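Consider the two complexes below, in which subunit A is the common component and subunit B and subunit C are the respective partners.
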Partner chain A sequence: MGWGLIRLYAIAVYGFMFLPVVAVVLLSFNANQFGSFPMTGLSLRWFEALWNNDAVMRAFRTSLVLGLMTAVISTMLGVLASLALVRYDVPGKNLITTALIAPILVPEVVLAVALLLFLNWLGIGKSFALLLAGHVIFTLPFVILVVQARLVSIRRDVEEAAMSLGASPVQTFFSITLPLLMPAVAAGALFAFTISFDDITGTLFWKPGGVETVPTQIFSMLRNSISPEINALGTVMILLTVGLPLLGAAIARSLSTKRGT
Partner chain B sequence: MAAVTLGNIVKRFGSFTAVQKMSLDIPEGSFCTLLGPSGCGKTTTLRMVAGLLDPTEGDITINGRRVNDIPIHQRNLGIVFQNYALFPHRTVAQNVGFGLKYRPIDKAEAQRRVMQALELVQLPHLADRYPSALSGGQQQRIALARAVVVEPDVLLLDEPLSALDANLREDMRVELKNIQKRLGVTSIFVTHDQSEALAMSDQIIVMSEGRVEQVGPPEEVYNTPASEFVARFLGAANILEARVTDRQGDALALDVPGFARVVIPRSRAPKLGDASAAKLVIRAEKLKLMPADSTDDAAIMIQATVEGVDYQGQAARYFLRVNDHALQAINMIDIAPFAPGDSVMLRLLPRDCAALPAS
Partner chain C sequence: MSIERREARQPWILLSPALGAVGLLLIVPLLFIVVYSFWLRSATGGDTAGFHLDNWIKALTDPFYRYILLNTLKIAAITTVLCALLGYPAAYFIARSKGNKMILLLLMMLPFWISYIIRTMSWINILGASGALNSGLMALGVINEPLQMLYNEAAVILGLVHFLLPFMVLNVYVSLEGIDTNLEDAATSLGATRWQSFLQVTLPLSLPGLAAGGLLCFVLGAGTYITPLVLGGPRDAMFANLVFEAIITQLNWPLGSALSLLLLMVLGVLVAIYNRYLGMAQLAKGLG
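Up next, the complex of A and B:
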């Protein structure tokens, strides 16, 4: 009896969370002008309209480039920072760790305004580079947390064994440490990409005039009208931000079962 | 010529001194063991030879070359770690061949040497497996193959048998020693297990609190301990306060009040000098328990009471009392062990005793 209620409650909560998403996805295939139920027929016309919408495609390209660059830079910095913090005795280790993780803890609006004010004070205007920097700051903690956790589990003596056999520290990193770290590096990069791809709060503050990412594009489209195109764009976003990490996880799992680690 | 020498090595971590003024010569081709309890500095010493730690003071030479400033990857070593430290993302063959990639060896030759090394450890059929598919013993053999395939100047073994279970450990001990002998590679072995040290070593270096307590072949270290620490650490020993009552030629008479008067050869007390206060060392297995009515004119016979018995299968450890002395004896069991409360005769041969200075 009690469990039945809890089960019902759980289903209701999940329904509340996911039904709107399902509605968006369904409506993106609706043939009707107006995005509402009942659906009048299946069609890909809104995806086609999306494809032909220059503003959306430009935003999409911007988001993709921004996401990829964020992922690459954030992952590189994150791996280096994790190595330093886990493998070496850095003075002020705890302080540095806290500072690097802080962007997750600070509300994003505060972070966004702070960075903007700081750059304003320095006399640097908004630019794509600033937007990129903001995204890197915001995604770095996720990369560091994932990579650090994995690095701690890689035994130091494996690296020592490689060095004793004649591999220099750099060769040891590339032939032993990095391959063992790869699942975490890939996960970190995926995190960074999807977080950057999804982000709207920081992006609204940091983006220079005339540059739109997909979320800010949707945001500005919603201000004018509720076009079914937005549903289609939403579907593409969902596919990318949910599908990509799942794909990554699947690849990581198949890799690790092959090696049996 | 000594393959490895340590000259007045000191290693300090902050205010803690892990190794104190240690000097050591390790002869070419020998199997030397650093033996001691945990925290005695043996692993620290090994890691300094490996180049994983820098000595605070002193020089380390390998084959006559001072290696203090040579990084680990240029020292031409083989290291076997306690936890195998195989590369989990590489096959057995790739693990073994790893060190050859950094040496001027062509591929065909490298492959031949990998197979040769795998045959040496009797696991050539596992070449294509990943380490996670291997048992602990197999992993440790692969680790050994990986270390020796590069023909190292020195093989460093950091408690390589400790992670294995008891039966396997004894098999691996024999095999490891055989392989070392066959290859003739100078080896430094670190262990806290005295039976491993005694069974495998050409030389044992007993360490305590960062100092070398004694260096010598196993029998010498075992039979003629240079200090009370060595006597207690290697096997079970009874150590009794004694007084030197007479010195005549090669003989040394020691009196232990309430126990016995023992005359031992001078060679069994090399450190004693002219001191009159001494300590008599009697190994637990040299005290032989006999029925209370036994006699033996060639030995010292002492009356004792059994206070406790620790049954170990083929042998028993007895806790004994002779007046106010508490003693231990380890004897093979003949038919049945003695029982607590039994009155027994202890048979002791003077040549089995050793003497140390009082402290």
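Up next, the complex of A and C:
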């Protein structure tokens, strides 16, 4: 099998991955009122309709607040746990790591059911608190994986130098370790935000009636029919969830070249 | 308190919030639904605590549930095989490309960042009655009436492959990158054709990555209920749809507990077999 053939095959696979996404973006600018092919012209009317759609805007705010809170909590828990696992000899380290990664090993549906039923039994029914708890627990492993990978590469002697010069462990953490760890913290937080912002599998189980996040809003709009408004919403989501990490990566890269590392 | 004892306590202080969260929000809830699955939902809507096997008997013997379970495993298996067939050559292309590998890999991972629901519903634009394929074929005069391509099992599998392919590519890519290319050169210099050296050197060495990707595709595919709801017809339910039905629609939480645990056990057996032969480290490599 020649290299040319492999290249052709790979291009076809890329096409398969991108074709439907391109269709979403194209159709969101469609002037045609049915939102279907053939396109009759370019227009921003569907984005305007989105802007004026109260339900969609409400869903956006919910998703944004939920994603930000998830990112903050998950990153704090993840950074602390990663520090313990990388910087100390903890007995049973493998078991602890497995436990912390467990939320992504358990199918999300099962996690969703278990959390819903248990917290409900404790008296916390379907609510924003339940949503937040759920989102934190399944974004945590990703934060830990990202932060741990970076922490391993930060040399211990820099921290020891600071401590030998009289800095306390807390001072050392805030003035040495944390700045060095910042790219990973930012990446972890961004990861947590995007996963939370995109989630639907767990969210449909946990959300209280009447509250929608962007994905569940799209899901309920799909039940009616696929209107170009959904495609416009899709385009905004794509910009947010693909644009943000790319922007983050670009910023991280420019920061690290400035520092010369 | 001595310094040593304080030192020894520090990591636990750092770990306790995360471990507490996982314990309280995952491990205890899982144990809780084990207990819950033996309770009964009474006709009045309340739950009767106790030790009843009814939910388990229903989950394990109901022919409809068994049919859906087998069908779910079948769909996941087909999806996994298709992901391997599409993903392996693509990963090989990226790993052995002389161009900018990072850009190629990033391009393949881009759709991974796009929301699952968007990627799933995007297929309606392609396969729907007024989608790209139908309107294209009609414009060409190949067909006069739109073909019914949505809301069947094939559409569900297509959606799942599109969703899971990046996992496969990434895992295979990581393992291909780890292979010393000198090995292939050595095989060729000893007289093997490129195809032979691929079959006897590269492919076997990349099998761990293929297995890790396959496991992820299978487990994630078998646990979904959104794709069948969006792209499948009324008869294309998967096992997670039964869980969703029991919990959200019928509000029969004890039965829902038993069904989710059954799904967890079936998939858990697969993960355990994988762990026995290949270990979790390979999986972490592909995720990180």
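Operating definition for what follows: the second predicted complex is superposed on the first by the 257 of 261 C-alpha atoms of A that agree within 3 Å, B and C clash if a C-alpha of one lies under 4 Å from a C-alpha of the other, contacts with A are read in each partner's own complex, and residues count from 1 in each chain.
In this section, a residue touches a chain if its C-beta (ideal position, glycine included) is under 8 Å from a C-beta of that chain, and two chains touch if they have at least 3 such contacts.
The shown structure was predicted, so the numbers you read here are calculated from the model rather than taken from an experiment.
With the C-alpha superposition on subunit A as described, subunit C and subunit B fit side by side in the combined arrangement.
Judged by the touch definition given at the top, the superposed model places A:116 against subunit C, while subunit B stays out of reach. Once the two complexes are laid over each other on the shared chain, residue contacts for A:219 go to subunit C alone; subunit B is not touched.
Of the two partners subunit B and subunit C, more residues of subunit A are touched by C. Contacts of A:17 after superposition on the shared chain: subunit C is touched, whereas subunit B is not. Legend: residue contacts after superposition of the two complexes on their common chain; A:64 is shown touching neither subunit B nor subunit C.
Of the two partner chains, subunit B is the only one that A:161 touches; subunit C does not reach it.
In the superposition on chain A, A:49 contacts neither subunit B nor subunit C. After overlaying the two complexes on the shared chain, residue contacts for A:103 are found with subunit C alone; subunit B is out of touch. Of note, the Cα-centre angle with subunit A at its vertex and subunit B and subunit C at its ends comes out at 100 degrees, rounded to the nearest 10.
When the two complexes are laid on top of each other via chain A, the two nearest Cα atoms from subunit B and subunit C are 7 angstrom apart. Once both structures are placed on chain A, subunit A residues 169 are touched by subunit B and, in the other complex, by subunit C. On the subunit A side of its complex with subunit B, the touching residues are 155, 157-158, 160-169, 171-172, 175-176, 179-180, 259-261. Chain contact summary for the complex, subunit C toward subunit A: residues 10-12, 14-15, 17-19, 21-23, 25-30, 32-33, 36, 86-87, 89-90, 92-94, 107-108, 110-111, 113-119, 121-126, 128, 130-132, 135-136, 139, 162, 165-166, 195, 219-220, 222-226, 229-230, 240, 243-244, 247-248, 253, 256-257, 260-261, 263-264, 267, 271, 280, 284, 287-288. On the subunit B side of its complex with subunit A, the touching residues are 50, 52, 71-79, 81-83, 85-89, 98-99, 101-103, 130, 132-133, 143, 146-147, 150, 156. Residues of subunit A touching subunit C in their complex: 1, 6-7, 9-10, 13-14, 16-21, 23-24, 27, 34, 36-38, 76-78, 80-81, 83-85, 87-88, 90, 96, 98-111, 113-119, 121, 133-134, 136-137, 140, 144-146, 149, 169, 194, 197-198, 200-201, 204-205, 214-215, 218-219, 222, 226, 230-231, 234, 237-238, 241-242, 245.
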